[in-house]
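What follows are several structures.
One chain, chain A, links the two complexes that follow: it is found with chain B in the first and with chain C in the second.
And now, the complex of A and B:
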């Protein structure tokens, strides 16, 4: 199964993240929340691409880093200007996550229906 | 291996790491966020009030200086005697800064001990107001004539009181390291303190230094001093 290794990676990441003793200053928590959303967006985007058969590793990784960096820059700029610009990043990532999830759901459901239809077809023969 | 597995795994690792890390931070911080906001406001209030107190104390000091000048102007005959009496009374009351030989005790929290035993009760490693109170009492027994703690002159109305993690003396907040200066006979005062609290603190390994000084200056009491109920009998 192709998704075993990514799931192991996820568990490894959770293990590392919960065992790290690094103390983040309170001001950067905002930036961390953006990083979380950017990485979640990349994960769902990657899964969607796999299902759509147009997966490209370079695009996924570069997209992840540039998106996260851009969002952090936006948040920083917002901090300087006293405008909560990081909401814009959160909103953009949130919308994208929902869209990716919706596409994944469509794919999974149509795949299941096709399989069912195929199975019925075999029985009928 | 299909080409997408490795990049997807990398992103998954990063994502899981961020998720868990953020989750950990949030569970640590959200619980006292509102409180810390409120605390920040209270700290602001306290700081502005302290500034006000400081400026008013400066005003008191200036007015006392003015009063001194006026009192020193006419020094003839019986007035001179009265003035000397006044000066003595002021020294007794702690309203003038005084100079003389004495000792300076510096004590601080036992940070090394706390670092060495981080799971132990931190109360065992910090200086409490009782320690200072006991030291001051022992200095008085040793014949101290003027005592100040971190620049706060102790007078008849001075309190040494615990407020959270700070100590109040003359209504001013005092934080470690604590410098207790006392004018008097160094020998007698040293004997008095070394039989009691000082030895206890030393054996508990608090960082303590004791210095003998030939010329020790102890500042005047800066706060207000008014007797409304007590009148001379």
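And now, the complex of A and C:
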């Protein structure tokens, strides 16, 4: 049951966020969305790392915050320079999220198959 | 051990993600509910609904204004009614003698040596009323519809048996002063016309002194009359209206009808 604590964290975060009186100014909504995308990417990356057994907490945390900030800054810079770096960020993070998800899926499925094979092997023996 | 090692960073990351997600979600819904992002049809419907509401409210304002105006008017009517009632009451008080009155008029002074009896007083008072007197008092006794002018005798002191005149059941002391308010000239003429009351009195060698006075004060009656049995009587409306109609139609019918059974 290793995933209960993170899920509780997610629910608590959503609760806190909906109870915060702070309202995001309309101009920053675009950058915030990019930051959210980057964060999602980091989270899926973290889960993938956990499954691959090469998890590093420092890398995850640093990646989470720097990715989010950099993505937002990049989008902002793009707006200033009149280059739609916004779409570049969406593309990059979107691709990475799907890759991470695919890896997670592969991993979960192979894990399940291994377990089943193991169970069958035990039965056969 | 290893589980705790990786679950804490992921929890922190997910906490932050949750905050960001809900903030973003709120902001996005806020923007979506912004008027500039609404569909044209919804906007039209909203405008229509609001303008209808506004019209209704404007009608209500007009309605309430009319109500207010009518209330103010009725209030004013009531005030004028009250004023007129007040005026009427004052008039009635003057007429009934329940308030002291003031005005120009005559004083008639009768000394003790003059051979005058109560009927002469009555005649003088009647003559004054005839001549247009508006208020009369005899020795500060106000003369009204309920006044009496009479004679009484002192039966308890046998030694000096005496007859005296009374007004409103009070003994009159000499000199008798009759005060009257009205047109002084008319009143004087009424008293002194040839063959009138003064001529009559002159036959008995009585010459009451008549004086014109610029400003007289006549007191109120001492005991106001209280009515226990008297009620206002209004004849049934139909009969009056019919009579009036008949009169208007043919003035001859009334006396004829009165004669016939």
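One rule holds in what follows: the second predicted complex is superposed on the first by the 125 of 125 C-alpha atoms of A that agree within 3 Å, B and C clash if a C-alpha of one lies under 4 Å from a C-alpha of the other, contacts with A are read in each partner's own complex, and residues count from 1 in each chain.
Note that a contact is a pair of C-beta atoms (placed from the backbone, for glycine too) under 8 Å apart; a residue touches a chain by one contact, two chains touch by 3 or more.
Model, not experiment: these values are computed from the prediction.
Chemist: Chain B versus chain C on the shared chain A, clash or fit?
Modeler: Superposition result for chain B and chain C: clash.
Chemist: Answer with first, second, both or neither: which of chain B and chain C does A:33 touch in the superposed model?
Modeler: both
Chemist: Let me test your reading of the model: by the given contact rule, A:6 touches which partner, first (chain B), second (chain C), both or neither?
Modeler: So A:6 meets both chain B and chain C here.
Chemist: Between chain B and chain C, which residues of chain A are contacted by each of them?
Modeler: 2, 5-18, 20, 24, 26, 29, 32-33, 35-36, 39-40, 42-43, 46-47, 49-50, 55, 57-58, 60-61, 64
Chemist: Which residues of chain B touch chain A once you look at their complex with the stated criterion?
Modeler: 2-26, 29
Chemist: Within the complex, which stretch of chain A touches chain B?
Modeler: 2, 5-18, 20, 24, 26, 29, 32-33, 35-36, 39-40, 42-43, 46-47, 49-50, 55, 57-58, 60-61, 64
Chemist: Mind pulling up the chain A residues that touch chain C in the complex?
Modeler: Residue list for chain A touching chain C: 2, 5-18, 20, 22-24, 26, 29, 32-33, 35-36, 39-40, 42-43, 46-47, 49-50, 55, 57-58, 60-61, 64, 68.
Chemist: Of all residues in chain C, which touch chain A in the complex?
Modeler: Touching chain A: residues 3, 5-28, 30-31 of chain C.
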